[in-house]
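I have placed the structure first, in the form of structure tokens, so that the comments after it can refer back to it.
We call the chains A, B, C and D, going by the order they appear; numbering starts again at 1 in every chain.
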Amino acid sequence: MTDRVFGQPVKRVEDRRMLTGGGQYLDDLGHDALQIAVVRSPYAHARVRDIDVTDALDVDGLVAVYTYEDLIGPMAEPLPLLIPHPALTHGRTQYALANGEVNYAGEAIAMVVASDRYTAEDAAARIVVDYEPLPDVVGVAAARTATHLVHEDVPGNVGANLVQEFGDARAAIQVAPHRLELDLSIERSASTPLEGRGTLARWDEESHRLRVWSSTQTSTGLRAALAAKLELDLVDVEVITPDVGGGFGVKIVHPWPEDLIAAWACRRLRRPVKFTEDRREHFISAAHERGQLHHIEVGFDDEGRVLGLDVRFWHDHGAYTPYGLIVPIITSTQLLGPYKPANYRVEFDSLYTNTVLVTPYRGAGRPQAAFAMERTMDAIAAALGRDRVQVREVNFIQPAEMPYDNHMTFQDGRPLIYDSGDFPATMAKLKKLVGWDEFEGVRTAAHAEGRTVGIGLGCYVEGTGVGPYEGGHVHIETSGKVKVATGLTTQGQGHATVFAQIVADELGVPVEDVEVVTGDTRRFGYAVGTFASRSAVMSGSAIALAARAAKAKALRVAADALEANPDDMEIVNGKVKVKGSPGQEIALGTVAVLSNPLRYAFDKASRSATQFTVGDSGKPPVAEDDEPGLEGRDYYSPPRSTFANGMHAAIVETDPETAEVRILRYCVVHDCGPMINPMIVEGQIHGGVAQGVGGALYERMHYDEHGQLLNASFMDFLMPYVTEVPDGIEIDHLETPTPLNPLGIKGLGEAGVIPVSAVLAAAIEDAEGIPIRSMPISPSDLWELRRAHRDTATEGND
Amino acid sequence: MKPAPFEYHRPATVAEAVAVMAELGDTAKVLAGGQSLVPMLSMRLAAPDHLVDINRLAELDYVRVADGAVKVGALARHRDVERRAASAAQPLLGQALRLVAHPTIRNRGTTVGSIVHADPAGELTAVLAVLGGSVRLVSAGGERVVPAADFFLGPLESATRPDELAVEVSFPVAADGASSAFVEVARRHGDYAVCGVAAVVRRGSGKKAEARLALISVAATPLVLDVTMVANSDDALRAYVTGQVEPSGDIHASADYRRHLAGVLAVRAVREAQAA
Amino acid sequence: MKVSGDTVLHADAETVWRTVTDPQVLVRTIPGCERLEVTGPDAYAMTVSAGVASIKGTYDGAVALTDQNRPSSFVLRASGAGASGTIRTDVAVTLSDGGNGTTSLRYDADADVGGMVGGVGQRVLTSVAKKMAGQFFANVDDVLTGAAPVAPATAAAGATPGVFTAPPRARAVPSGGFVKGVLVGAGVALAGVLVGTLIGRRR
Amino acid sequence: MTEAVHDVRLRVNGVPREVNVPARRLLSDVLRHDLQLTGTHVGCEHGVCGACTVLLDGAPVRSCLLFAVAVDGHEVTTVEGLAEDGEMSAVQRAFENCHGLQCGFCTPGFLTTITAGLRENRNPTRAEAREMIAGNLCRCTGYQNIVKAVLEAAGS
């Protein structure tokens, strides 16, 4: 067992349970619970004049109906603005139940609690709400024009305006040899996990405690929110995260109205209450992301070196801003990618619209950023008639320049300093993988067959592992089994496996002896959550440190028992040994027994730790600076984020008649530092790329001008099936470790999705010879572009 | 997303079924495969007082070739039609069915049900229309056979009256020398087509030669076009078809793109059928 | 959702105006309209029984004629609500001389369709609406050309003044699929009639 | 008004089960909440995602598109019924070997679909393997390793 499991494609320990139907997701729990159904606004913007529940009261099985009027104290206050920012001068959040006004179609107005969901929906359907419709503000253009306002007291619909810059971009552009302007747009998509949101709440009147299960990315966040809203002490609230059927960002934003009502109602009713979100509700009342418009001005020299970059963008944040400015701040900073423009200025407005709120979705502002920067690079190359790779290369930050200070403030309020990466090497790998230099031959051969193909590429740098901290607890049982807990949650990333790999190596135990629990506040109360590609970096590091603490103690206790020097000892396969002295060893479980001085022997093993058996009678059984038990607890809190990076390339074929786009090849080179489990790394990349393809070619939120989401179902929201994703994603890795954490690792959860729209836009543009400035693009869109392009060309000839 | 309550009826024979339907009139809805109906019930877009489940009408569970037609009973699932001899007798059925949603849906969905559903994007409506098939409707008062040309009245609207049960659809078998194809463009594989074309061609000289199309998703009902006179020229065929359709735009495709596709797919369908 | 269309009606614009703004006619020509109550000057409450087969339902809505510019244009403002959604629409109607004693009528409806049906019905909504509009104008034209009688459209026996109920119809609403039961309202939206079943359903 | 209930007898994973439910109760809800076989998941309730796929008399169907009362008397196989004597089936093992699942929510629908698919086609080509799973949505894996798992299960 001296082989390191870190870096091995260890099979996932969670799989067997999930493969045999033993997974436990939120709605698999609480079969005895009452169910919630929600009355939601059909209007995007309206005043609620009256709510008549009379008809609902006849429904057999109805237990309660709640409207805003029932709420008191903190429950009647707006939901928290989770991440305040000085630039967010006009932050607004919704109420748990609408207080007189609704600002998006789907906003909760009343909640029904009934014996089951069928009955709850029967009752909800009978509640009559009288609305006074107000003018709708939908889309960035309408928000900017501000003919109408979403919130009466927010002038211009502007929630925030933020400028960051270094140097003098505008002046640099003025004097640059070449200049370009681009207008770009990216539409909305959404996380859309296969499992929606959900909350189950139980109130124990005898112990005066609230226990909540939630399909969440942050159990500690929800716990704190519930305690505050329900005026309970934190110790009286427990939040448990069962298996979670995907998150991708949307489950980080708590409290949702339904969380609060479920918990509040279960306490009032003294019965368990559950909310299980259905698919339609997920579309109209969870959260979306991505919608931004960019105006870019860039000045560059003859080689394509960017001398000045001035980016103005408008971010549609929906009706409320519970998650602050995280998404546009990430866009504005991560836009820089692997490049070092001499001067940079970025300014954004974060705008209110009468649509579902916007909070991070995997990538969180980076797909827009990559789209803006990579389209700019391609435009520079086109303007100069230079190779797209070469233009990027002259702009790359070089490895010798690391750590590289970008002179910006990142989403965590800390300096944007790249810690590691070798961008030229990553590019060299990508060129080789996709066959960049041989592509003209491919194109010619395709043309000969009457086929149209194109190639595109895109680069990104991703700040991962943002703070403030995560913690880990490693507890060694007297059986020798190791129990690990960390506070952040799991939605399919295989934490139970990768954290076990880390602990197995640190402690010297078989990986199958390590059991990991995540997202259970009973086991670990201090945590932030799972987002921003931070779990491996943050909890992985914390757990490694905790395991080191446990190991140090194990060696100390064993050294005492074996009368050896701890420095001469090691743990191999669960046994603490004196190096080079075969036979001088003690099982880790026994060390655990010895670590806890006992008065009572509960079993055979513990006899050896009772008071007449061990210990120096002249010393306290537990030393002054020690604790009983064989465990370690530690936290990891980095000074700033660590920056992973990657580059993707794709070859596409476009149908000359139908304008359908087919991805012939998709290649990824990624640098997340040392990989804990390459199988899981590749799985994360696969999933990210598929989501990226969805966002580039299929998915969008079709709002009409009245704020109605026209495609609020899987029938019309076109999440890709297998038939829409590339058949094969080719992956290569570069592993440049970060100096910022004990394992040298960088995050990767979001990586796959980030550059896909940029890459596919570039490839389609290359195939078609038509500038692609807006994504996603459907065959109909491409066909219309062709037509417009042809018309323009014809006019030009006239 | 749970259905509103309804009263459930499960007749054992067609006679029982139509008797119940006569009594309930337009307060009842027939449940066959339910692959379109059940989502609408769950979304509470539809909330009939009664549901008449015909899944026990074993007498309607058949696919047979008789009298020059593939006759499909109301309980035959798409998969049955795909698998049984039907496809050999009328290859267009198989060509169309592989485009109807996904196999799991076809395991339960019925061919007759999807025709009665009269979705303007339904592949089978085009098959029935281009072949000039018919639907047999039975009520307590008797039965009638409605030809395809009279059956589709509008989007999601067929000639079936509330008291009538569509018991059988007849698809004429392929004529001698005839061949067919079904091509479509859908956003995702298995989605409703943005545009789709069923083509039946018959080789031969003079009056024997024939080329007919039925298009879906470009009109409220399947649009049948006789393209015999233009079938041999891509340009003429494309121009003729694009001139005949008046599609609407929606969130997935503009009207002009649909019109363009109709022409492109018409050519592809005819060429593919000719090559078959 | 936007629905536009045009039609030719066989009467002069003044007659058309009178006809399509006459509650007695409207109640008989709006597909599925059962009851039309005058609630104010050029304002009506109506009950529409639209949709067919098993999904026929009865819904309540309100219609008002505004921006009248006799005899060339008016706007119908209609709204209604039901369990599965809401609809609110402005229909701009313009009349122009079509020659030979006919009038060209153009309508541009801008509908805010909320609730479930708005989110899942987009694929068929427009074509259903157009079809129902066509039916409405065919009914109107029948009135104009005398193919359908006008008189029986008045108040039911013992009626409240200002309340109009429809007589049994010669021209049956054609039967159709169940979605139509909920989508038909899009058609009703035409001529201020765009309310009904789109948003409602039978309980 | 109390809703009428119906006796429904099913054979689920080889075991006769009986429930007393309203006609509108979906098979997915009967399996999950009445029989507490929660391995079958519900991802959309309109028949698009495939997470709720079970085998009805051996053929894959969407359990969210069936009323339990309408399949009275039939045989249903859920993900809980795929392993034999505690041994995971070839398809389940292949998913484990190939990292064919991440969050695991859509997985039961894939497993039932592939189990039936491989009964029909023991040696699918790569294209046929993709076609086999083309009606099920997965948001985590990008499908790459699921395709791999189908081919591995077929080869075993």
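One rule holds for everything that comes next: contacts are C-beta pairs under 8 Å (C-beta built on N, C-alpha and C of every residue); 3 or more make two chains touch, one makes a residue touch a chain.
Values in this document were obtained by computation on a predicted structure and should not be read as measured data.
J.: With centres defined as the mean of C-alpha atoms, identify the chain lying farthest from chain B.
T.: The chain lying farthest from chain B is A.
J.: In angstrom, rounded to a whole number, how far apart do the mean CA points of chain A and chain C lie?
T.: About 49 Å separates the centre of chain A from that of chain C.
J.: Quick one: report the Å distance separating chain A from chain B, using the average Cα coordinate of each chain.
T.: Chain A and chain B have C-alpha centres separated by 44 Å.
J.: Centroid from C-alpha atoms only, then distance chain A to chain D, rounded to Å. What do you get?
T.: Whole-Å distance between the two chain centres: 29.
J.: What residues in chain A touch two or more of the other chains?
T.: Residue numbers touching two or more other chains: 118, 125, 278-280, 702, 710-711, 713, 715-716, 721, 723.
J.: Give the residues of chain B touching no fewer than two other chains, as numbers and ranges.
T.: 1-5, 43-44, 189-190, 192, 251
J.: Note the residues in chain C that touch 2 or more other chains, in rising order.
T.: In chain C, residues 83-84, 116, 120, 122-123 touch at least two other chains, as defined above.
J.: Between which chains does touch occur?
T.: Once each pair is checked, the touching ones are A-B, A-C, A-D, B-C, B-D.
J.: Considering the complex alone, what residue numbers of chain C touch chain A?
T.: Against chain A, chain C makes touches at 1, 81, 83-86, 88, 112-116, 118-120, 122-123.
J.: Contact residues on chain D for chain B in the complex?
T.: Listed in rising order, the residues are 3-4, 6, 22-24, 26, 29, 45-47, 50, 53, 56, 59-62, 64-67, 69-70, 113, 117, 134-135.
J.: Which residues, counting only chain B, touch chain D once they are in their complex?
T.: The touching residues are 1-8, 10, 31, 34-35, 38-39, 41-43, 51, 53, 55, 79, 101-105, 107-108, 189-190.
J.: Please name which positions on chain A make contact with chain C in the complex.
T.: Going through chain A, the ones touching chain C are 41-43, 105, 125-126, 128, 131, 133, 136, 280, 283-284, 702, 704, 706, 708-713, 715-716.
J.: In the complex, go through chain C and note every residue touching chain B.
T.: 52-56, 83-84, 116-117, 120-124, 126-128, 130-131, 174-183, 201-203
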